[in-house]
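Let me begin by presenting the structure, written as structure tokens, before commenting on it.
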């Protein structure tokens, strides 16, 4: 079972993006950080008790699924869209959605384009092996337009091609576009077009067939979301884990009688470790990595808690 | 002697003529120019074209090199400095990126305080090669060389010292098995013992034994995980490991290909031609995508190790062809002499044929290594940080260095060039030396 | 001297399996076979169990499913509604295209450099040496990336051609535009086109067929002319001048045909985001082509140099002493001998080019690896099938090439005692 | 006719022939593919015999003696060497090979080993003699062929004649009971031939059973007790040397001798 | 001193020397870089002469005869062959080369062509002879060198002596008026030398003008009408063979002869 393998290895292999600022990117010393990376840390903290026991495996749009299928990574946390065929045909289990997204386009302001419908005949940079590749074909077809794809492996390459003018538009998940644009020298020269041409619910995934592992990872992620919902933050978590009035929080943090951890083969305070390891609850992570105060500047939008009018709605810890 | 010698005037030279200096046209700069640059219309044109090409390249590239900036913290700072000192619109190299990140190109993300370990491993490699390359050194040193893989492993990856020790112990087990089986005198038992016992040891006992010993007597060296490997440390590790490991396999394949046994020959030929017929990339993909399908469920090991396995198989096919050439270059008489002295197949291979064939093959092996070393850049396509694209992309991902292209290419290219040019010169020297020695 | 009686009829003993040369090799082969089969069975068994664990099967049915993705460079029709199988075909053709283009260019460049390397000209000698050493000792991937960077970073984007004061302009009488996406070249068009016929797998342009047929015919006629010139030479000793006949025969019919078909070239024009009307040769193809060409030409140059060097000086001297002129010496004496030395390694360079073309991955060129081994593999999750199929195809190409080499080798082998 | 080279008195005291059979070849045939190289060879060699085989090029001389230590396989008939029949049984082959020494035209010394190592290799690895002992034996035989001072050199540093003597010593180190020589002097310069022939005469004087393919007729007359003439894969004539040279029976032999001695 | 090889009576009836000049070399000098290889060479060869050039290695013999058909360029002095002066004028060079045949030490046959093709190549492409006729000539000369049956083989399939005879025939096919030989037998095994020398004697008997660099002194005595001795790039002595061998004048010649004949 994957859990045993991870424990025996003492290290979690986590598939991440090759470099998408805010979501997953290494610094000059090879230390990874970002919104997707936080999931890896949460899982590692929950399972191994140490958020640093992660081996990050950079994957491209193309290599990610084989890396997961072949067992090279235990979990893939890399802006991956949950689709029917990936679930059913590629045999992966999506453990939830950590970011509700949609596909968009980015163009140079000087082109004067204001709508994706004006892109007839354009050259479009696109990461290969992605849903966006398929959406793009559909979008242009339904709108009776033509385009010429420039297929690239990684976001870095896409960026390079786009900046050099080798393509008129760059398309990928809107969040990815924002992250990419944030890293430009003059972000203001580029606009992200208003059209969102698809649904891209992004989430971590694991292999079919190991339900225990799926549960662990799913609930590690849910713990982060739930923590935000219940107001558990990295600042007050130590305090709250001593026990509170709220039985839900107690169950989450393992402060009460119930030992949810045991049910998934982990310690009682697994969720507390996960939250601390990830660097706080979902909201804190969001704010620190991709939120409005960061260069990427994404608003919570759909990714707000259900209580705030968003779609984040974690099942109860019970 | 009856015929006429009407014209035959007997002639004897009384004084010998001294060496005369040649006419001016035959010496000095004029002759050199005439012969080397302007010996005809075509040649004159070529010379002019050549000079034009040189001037063009220099004119295009030299300012860029000369305007190079070595101290800056980001590309934009570089550009600013260049604009300030050479005027608006001037181009210049931003060598600062190399100055800042050279260590990543060389060592990947290897911990800085441990850089001495890969460096030492490389230095020891040359020490270990010495007894093989220079026949003058005492033969006993070969044993020290045999220990090198274990030492290199510990230096590069660290971890428990007992792991390489118990792996090396496998060879000891094989040797012991061989010795004991020889005593029994049963046929075939000896080779079987020599092969099977170590295999059993490695598969079943080596791991637990290493674990137990570690618990009893901890011998721990700070561990460096594979994902920290990158840059030239990665390239050299893969290249050297693959070439070293492929040698024994290559020898077996070469012998197999020369065997009279149809099946053995067919299998060897099939393997060699298959490996040589597909691009290395597909083999690397096999390493990263398919190896886990082919191995028992649940096995999963390090991607670097898997890549080394595939690259080893790849190199083995090429080495086999090199060694086959070496074997073919041995005169038949050597085989016959060995036979007539009563040496059996394996002994005559071990004592007579292989020592000579391998020696002849060294230049070919060096060339194979050069090719392999260049090919290690392909590991980027299975997600390892090769020096060329992997590290360069990683460096460029940093906001401050976004947009640098040529400098990393030039730096990495120069290092490859120095290594490979050096090695190819060395192999040429060896070739000439072998020819001189005429074995 | 006692004579020996007949050999005792040796009965079969078990130890003979090992000690008898007749059986020994059979024994060993049987053992090897068993080991091999055990190994193969082990691999297959593992694979089957792994597939079962993942809930996958092994089938090539996906090749007939809709691919759904677009490819920007294709030789025959393809759209995102085509099947994965067809995408694979596009990839294969793209592989063959770039391999073929690189082989031709690398041969031309390599031969030129190899010959120049032999020149007594000091400057040229140095320059070619620098070229050869530089390209040989640096990974081909770097050259491909450099070529690609040159194309994308140095050339202007199409919109630089726009406006009243364009910062870039087309070359060759406004017929070719070098952009950082592609090179737009004029598209050959036929006013009175013969149309296409569908051969099942793809459409074939009858115009092209007609042109090829006419060229083939011309070449055959030209051969006749040369043969008759040889016949005249054999009979009279003097070789008639034929070059003008050859040129006429080779050029005139094609020109006439083109005129008849109403041949004209449609120039690329900038319309909207991109040039339209012409043919776009993508930069990924150009970069791959250039990188492979420059790299391989260095090796070919060495092969050519070695080949010509392998013909001893004595051969030239003997030819000169017989009164043969240098150009005849080259064509009658040196080249036929040098070619025997040159062609086999040259063909293995072709093999290397084909294999190295899989580096298309670095520049996003949609070759076999990019389609079958890339997008298709990824969208369908059939890594086992895709990688095996891809290897099989590459292997087939390699075997065909080396088969051709063996045929050549056998046909020119020097006769010896 | 007698060659001045061998004018020195050859000591024939040990050269008597015993009545023990060393080699017995009966009805032996060999084909290379469909080419019948050896036809119905019958030959019995007694211990202590010195046999010279002569014959035109391609007549199968080399093939015949190579069959005797199974460097070539025969297809029918029997070859019994020292009581051991050569069949496909490896044990017998090993046995015969360690009893029979062979010296080749091109010496075939191992160039990567010193002379001493060349000599001790087979004793150590085949006979399993301790190294010290093997080296003593080696030095003994090197003295015998008169080049002990070369022991630590490599073959490439020796002249052809010296190399051939080393090759003989190498065979002797295996203490063979029979020695085969295949044109041992034909690759040598004239000056060196004598050194090698002298060595061989020394061997003959000590009573070694020898079969020697050679065209050195002086040697044949001085040393051999029987000369065999082969042509087209058959033994055409055999006789004692004096008779053979002075009174050849068959036409072919006469023709051959006239060519050989005439040149 | 006279070699039994040439004991047969050589027919000298055609071997008279005419008084027409075939080659005239005056004050010729040649340098390789700053090394003065040929110094002040003066040599007149009459039609029908058979000249042998001898001298120690490196004395410039090969260079001298290679100057005669401009395989090497001379830097001062004049070389007139058959009335044509050798200058850098290509037409003259072509003319001279088609008049002068040359045979090299290493034969230099074209290995990719059959013997017949080797022989007809130059006549067809240089002399523009019809193929049929060229082949007839070729067969005629092949008969002459006694190997017509090898016409369709490739050079690699012939022995050294046969190859050299083909090389001679190849030169003859161009119907040269002068033949140059540069040590034609020194790369051959002794048995083969004779075949080639016989062929050359045949040529001499037919009155061909020949210049031959050789150390075959028997040949020189039997055939040459003049022997030229070179040393350090100079002609040191020339004389008719008998005098040359039995009564050398200069010290150097004596020394050289003592070495050559002593061995």
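Labels A, B, C, D and E are assigned to the chains in the order they are written; within every chain, residues are numbered from 1.
The rule we apply is simple: a contact is a pair of C-beta atoms (placed from the backbone, for glycine too) under 8 Å apart; a residue touches a chain by one contact, two chains touch by 3 or more.
All figures in this text were calculated on a predicted structure; none of them were measured in a lab.
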item: Partner chains that subunit A and subunit C have in common; value: B
item: Maximum centroid distance from subunit C, chain identifier (CA atoms); value: D
item: Superposition rotation for subunit D onto subunit E, Cα-based, multiple of 5°; value: 155
item: Longest centre-to-centre distance from subunit A, chain (CA-based); value: E
item: Intercentroid distance (Cα basis), subunit E paired with subunit C, Å; value: 50
item: Gap in Å, rounded to a whole number, between the CA centres of subunit E and subunit D; value: 46
item: Gap in Å, rounded to a whole number, between the CA centres of subunit D and subunit C; value: 58
item: Cα-centroid distance, subunit B relative to subunit D, in whole angstrom; value: 48
item: In subunit D, residues with contacts to at least two other chains; value: none
item: Touching two or more other chains - residue numbers and ranges from subunit B; value: 289-290, 292-293
item: Touching two or more other chains - residue numbers and ranges from subunit C; value: 18-19, 53, 153, 361, 383
item: Pairs of chains, among all present, that meet the touch criterion; value: A-B, A-C, B-C, B-D, B-E, C-D, C-E
item: In the complex, subunit C residues that touch subunit A; value: 53-56, 68-72, 80, 152-153, 156-157, 159-160, 180-181, 271-274, 276, 280, 283-284, 361, 364, 366, 370, 374-375, 377-381, 383
item: Interface residues, subunit B side, partner subunit A - complex; value: 76, 101, 104, 108-109, 225, 227-228, 288-293, 298, 300, 303, 382-383, 393-394, 396-399, 402-403
item: Of all residues in subunit B, those that touch subunit C in their complex; value: 35-37, 39, 43, 46-47, 50-51, 53-54, 187-188, 260-264, 267, 273-274, 276-282, 285-286, 289-290, 292-297, 370, 374-375, 377-378, 381, 388-389, 405-406, 409, 412-413, 416-417, 419-421, 424
item: Footprint of subunit B on subunit E - complex, ascending; value: 12, 15-17, 19, 29, 31, 33-36, 39-40, 44, 46, 49, 75-76, 225-226, 231-243, 249-250
item: Subunit B-touching residues of subunit A, taken from the complex the two chains share; value: 5, 11, 18-19, 21, 25-30, 55-60, 63, 66-67, 70-72, 154, 156-157, 159-160, 163, 183-185
